[in-house]
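Order of writing sets the labels: A, B, C, D and E. Residues in every chain begin at 1.
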Amino acid sequence: MRFILRAVLLLVLLALVLSLPSFASSYYLGLVIKIMIYALFALSLQLLVGCTGLVSLGHSAFFGIAAYFVTLLSPESGAGNMLWLLPGAMLAAMGYAVVTGALALRTKGIYFIMVTLAFAQMAYYVFHDTALGGGTDGIYLYFRPEIRLGDWVVLNIDNQFVFYVFTLACLLLTWAFLALLMRSRFGAALTGIRVNEQRMRAAGFSTFKYKLIAYVIGCGLAGVAGFLYAAKDGYVNPELLAWEQSGLVLLMVILGGMGRLWGAVLGAVALTLLQELFQSHALFGEFASRWHLTFGLAIIALVAVLPQGLAGLPEQLRNRRRSKSISPASAQ
Amino acid sequence: MTQTLLSAQHITRRFGGLTAIDNVSLELKRGAVHAVIGTNGAGKSTLVSVLSGELAPNEGTIHMNQQNITDWPQPRRARAGLGRSYQRTTIFPSLTVHENCRLTAQANHQHFWSWTPTSRCLKSNEAADRALELAGLSGFGDQIAGLLSHGGKRQLEIAMSLSTHPSVLLLDEPLAGMGSEETDRMLNLLASLKSEHAILLVEHDMDAVFRISDEITVMVNGAVIAHGDPASIKANPLVQTAYLGDDE
Amino acid sequence: MTTLIEASGLHTYYGASHVLHGIDLRIEAGESIGLLGRNGMGKTTLIRTVMGHLAPAQGKIVIRGRDNTRAQPHQIARQGVAYVPEGRGIFPNLDVRENLLVAARPGYKGRKDWTYQRVLDTFPRLTERLGHGGQQLSGGEQQMLAIGRALMTNPDILILDEATEGLAPLIINEIWRIIEAIRDTGVATLIVDRNYRKVLTHTDRCVVLEKGKVVEQRDSPTLASQTELLTRYLGV
Amino acid sequence: AVKVGFMLPYSGTYAKLGEAIENGFKLYVQEQGGKLAGQEIEYYKVDDESNPSKGPENANRLIKRDGVDILVGTVHSGVAMALAKAANDSDTTLIIPNAGADAITGPLCSKNVFRSSFSNWQPGYAMGVVAADEGFKTAVTISWNYAAGKESTDGFKESFEKGGGKVVKHLTLPFPNVEFQPLLTEIASIKPDAVYTFFAGGGAVKFVQDYAAAGLKDSIPLLGAGFLTDGTLEAQGESAQGLQTTLHYADGLDTPRDNQFREDYIKNFPQLPPDVYAVQGYDAAQMLDAGLKAVNGDVSKKDEMRTAIRSAKIDSPRGEFTLSKAGNPVQDMYLRKVEGDKNQFVKIAVEKLADPARGCKL
Amino acid sequence: MDPAILLIQCLNAVQYGLLLFLVASGLTLIFGIMGIINLAHGSFYMIGAYMAFALQPLVAQYLGGGFVITVLVCVVLATVLGYFLEWAFYSYLYTREHLQQVLMTYGLILVFEELRSIIVGNDVHGVPVPSWLNGSVALGDVMTYPVYRLFISAVCILIALLMFWVLNRTRLGMMIRAGASNREMINSLGIDINRLFRIVFAIGVALAALAGAIAAPVSSVYPGMGNAVLIICFVVVVIGGIGSIKGAFLAAMLVGFVDTFGQVFFPAAAGVMVYLLMAAILLFKPEGLFKH
């Protein structure tokens, strides 16, 4: 019963998502694409933060490296081939992740946060201070990569709708992949490591290996998001690697709810839409240019009422209802 | 059958200026419970950590099944059959009791690219069930581990150590916080495990120690002051003044 | 004799799970009480409720005649209630000396029986470890520190939850001696310990809990002789 | 009606500049009776936060969501790059009222992109000429390690060395660090004849203060691109007095056109001084007006409109200017000197200075 | 390099390091010791600086005081603000997941920054150096060194010593550290942890504001100034080892030296030098220089 309900819900959702381009303007389609890219990005971080307990404040580095990778290696006069650009971008991100991850994982907790930040800042300054990627001005990607076999163009994502579907597919694949991963033994081990690493080692798990693999996978997926981002706007800038960007995606994960995959997606949707909402002159008039204020207050309010993030809301309500039915007793 | 599974020679471990373990040697044999007792701060927990690979010794070597494992990291030793429990409870409070054990049991089935959901991993489910049963927690499988009472958590701690089918068990005060009933059950369990395992038992409960152990090592201030069978230890005046006291 | 603590009709929940089912407990000044019961029967929960760490859903806690049901733990502590928790609660980032000194305060009505020096004299082992961080202590050392720290508050009642857990027999005897000494100074004690025989010998009265209810309450010597009761409730 | 989209910083460091630009633009439209070429002007606004990584989407808010005909923006070079890309992709006409990135009217120049301000190269080049004229032989350049700084100091170097001087060292510090002390010590140890610098906003204030506090101001003249002392004089106070900068605008130009502009501006926006940013906004509106007039307000005739803008002669408060092929003003660069709270006009440093537009294929 | 110049650069490094410590001091308390990840710390710094700017005329007019009175007024107001904020926003976060604090303090940054824009505007403003500190000393033949910077250094050293003393030598310090590691236990010992933490938080805010107010004459006040110092403050606290004043002080010095000489000797890599330093230190000492 529950399963059928879910399946129907899913189908309706899917139909809605697929028909979106027919009624949304190209701007809103773009907005949805952006949300999906951030959702993918947040998902990749959720694997680290929520699932493995590796709070990284340097995740934007991998996003940015992949974005720069496609942009720098795409030909200027025609579309590049996604068949190697996408894996290449992922590999570039993963390569940096292997090196920095192996080092950063020697530390724990807040120190890990800061070391990841440090490595991200290093990457940031490479693009910011050298001419490699056009310096602070950034560089353009003139043509979205396409899938090409020999001379046969299998998929061209130039069209906004195609790009939309392509992004959606990437998001869903990533989501499904992570969901499977977390249900597998590997995922269970990650959960164990998050909760109590000492015990996992005592049981016989080489936790370092697990963490490193999770880290590299997460960073590779961030690379996918970076690839899509570069393809979406065709413009990359060092600010893509800035710590503010890492902070933003971390906020998405926290707001959405840690440890639950769909929390990351919810967080990305919520944070992006809130920004959009408060910046809307149509709704807020002149006050829209003071959107930082409303946005900030909204975040504070959300933290206040959602101790477990958006994804924890149903559980929270359930608990509330239950504890109402019996007389309440709260631990302090 | 007395086969030596684990032997440690001349282990020394220092923390800064403090020598927590001072030239300690001991052997763990299949079929025997080897108790390590000693004053508080004698270095017993440190010894367990050194044997299990959590801490590196400053000096000395450790052999397991005739292999030199001194340089092996802890997970590798664990996979080779070395299990330990902790003096301070280290469980996964957010998971259920059964999941706790299943998770540790999976250490024996780490196939990276196996994608079956954990809940359907038969072998580890079985191992978990068995371990819970042994530790006397079979009815509690679905309870959230963090909500167990202190004693319950201690039992779970043991169950988790057992779930990986270790051949050598290092138990750091497994009876602490357990009621008499559970203590009894635990001792019976140890007695039944003895035939297949080599067991190192760190414990302050002297009744239990003298009841179950075959061999006792007494440590004071990092050094071994006595070693022998329970009767001789009980009679040893040195041990009495340093550790046992003149209990009624 | 005046009544120090009087708890009546306590019901305590953890979220949805109902743990204490209407417990009454009275402690007179200077009295020594043992709390017995199997694992998970609610001993710790009762203590934490009395200490103000858990809010009872129903019931009343009265200390020295004043209602303290909704009082914060620090307010309870300031009325002369000292607590040595299960698991000790040592401050890992403070050294031994600081762990003791941070707790120092005159007791109710300015009592000052326990000085830093007296505590150290009581636990010579701690004297050797003064500069060590709380985290570096062995289990037994930590336990001693926790008791010493509780004494630094010059309490009228000392609540000991599994105070001898993980201690060497020698030390355990020492601790029972100290408990006895504390009793002699007129400090009330509330003791939870799995060694029920020791509890019975070192207390005036014992309360037996089962599933969050008081099922038995007698003079310790009387209870000690009732083997079949003990077997029923404690499984011995 | 013609839809004009402002993509400007309304928050953060550059918020004030955004405001001035918008004011300037609106002032011109108001002077024309609220209409350009007979068309009502509808405004749309987006806060670009001076964040390039949000640039493309912010640009698309205006282009795609609001469907604007003309884009006006922005201050930050990186954001302007994003804006230019979005404008190119959608073939929207863009007028840049400040950002000076050389590339926009260089290798990335495009038929639909114009600038009413300057290229980073221009003030630097002008100052190089002045410095060489004054007989300085050696100079040190200093800026943040970012594109704008590099472009400006390169401009200076080009003309200064052409004039026989030598830039002995280019000092940089990471953006947005403001701990200048080590570099000031470097300067003191090199003892050049002059220092040329490119800083703006808070960094400019601090640099000028630190430079004076380190006692260098009296021994080594400090030269700069005009932003060093524009909108920052109140904060810089005494330490800025006498500094020489080059820019395409100055106080005390004393032309009827400029006096009129200033009077009107102060009347309309009493709380803000008429500054170079207001002029740039004002001229952006003039450029748009020139284009719209040529097509009688029909914005769909994009090519004609753009050709008209490109060939227009703008009667700016700063003095008349035309646009180069690449869309950048060909304008007089002024040497100014700080006197009180004014960047007082001294002389024309270079007449009709055109950006070389290196790499532009138009 | 000429030895005199080298010496001056060392002075610059020390001075910068001290300034960093001053800004990071409040963070050491709030983040390092209480364990609250407070992103809004930079905002408190900004608020201090803007208060110094905005209150100066008012103080002169109504209290007839100069710079010192202004700074004192800033500190008092900041303490009140901190006390209020802890009560209103932070107090209910202690029992939550640590990262929730990140989210909320991020919200606070936005609010503070926008309020600043609404109240004071977006201009850059200078804050005059008090006249009695307005001199300078000659260094070498062309350079001079402002007395005010020496004054800042003196204040930094004073604060460092004071903090060290309070935290390590006084009972208040013990209570703070104890409360940071186990709130429930310190509560059981009769100490009102909520009030204690509220006070400590307020002191942390006051320190940040003090740093802002004192640094204002050399840094001027400008939009976004708070966020610019935020990350470097965290770097300082973390390099030093969380919870260690001594460590934070040393780390600030190290960062000062690395940054100064990085700019001089490796200008191309100046941006990454500090981060390289942090990464290197944490890789060899995974818990900072002085772990607690």
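By definition in this document, a contact is a pair of C-beta atoms (placed from the backbone, for glycine too) under 8 Å apart; a residue touches a chain by one contact, two chains touch by 3 or more.
For reference, the UniProt names are A = Amino acid/amide ABC transporter membrane protein 2 (HAAT family); B = Amino acid/amide ABC transporter ATP-binding protein 1 (HAAT family); C = Amino acid/amide ABC transporter ATP-binding protein 2 (HAAT family); E = Amino acid/amide ABC transporter membrane protein 1 (HAAT family).
Every value quoted in this text rests on a predicted model; they were computed, and no experiment measured them.
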Message: So if I look at the partners of chain D and the partners of chain E, which chains show up in both lists?
response: A
Message: Let me spell it out: compute each chain's centre from its C-alpha atoms, then which one is farthest from chain C's centre?
response: D
- request: Return the distance between the CA-based centres of chain A and chain C, expressed in whole Å.
  value: 50
Task: Please compute the C-alpha centroid of chain C, do the same for chain E, then give the distance between them in whole Å.
output: 43
Task: Report, in whole Å, the distance between the mean C-alpha point of chain B and the mean C-alpha point of chain E.
output: 48
Task: Just give me the whole-number Å value for how far the CA centre of chain B lies from that of chain D.
output: 74
- request: Please set out, as single numbers or ranges, the residues of chain A touching at least two other chains.
  value: 125, 128-129, 292
Task: Give me the residues of chain D that touch two or more other chains.
output: 11, 145, 174
Query: When you check chain C against every other chain, which residues touch at least two of them?
result: 14, 53
Statement: Within their complex, chain B touches chain A through residues 52, 54, 73-76, 78-79, 83-84, 86, 90-95, 102-104, 106-112, 114-119, 121, 124, 160-161, 163-164
Chain D contact footprint on chain A (complex, rising order): 25-28, 30-31, 34, 125, 128-129, 134-138, 140, 232-235, 237-240, 242, 244-245, 279, 281, 288-289, 291-292
Field: Residue numbers on chain D that touch chain A, as the complex places them
entry: 10-11, 44-47, 51-53, 55-57, 60-61, 63-65, 77-78, 81-82, 85-86, 89, 101, 103, 108, 145-148, 150, 174-175
Field: chain E to chain A touching residues, read off their complex
entry: 37, 89, 92-93, 96-97, 99-100, 102-104, 106-111, 113-115, 117-118, 231, 234-235, 238, 242, 268-269, 271-272, 275-276, 278-279, 282-283, 286-288
- request: Please give the residue numbers of chain C that touch chain B in the complex, ascending.
  value: 14, 17, 38-41, 44, 86-87, 125, 136-141, 143-144, 162, 165-173, 194, 196, 234-236
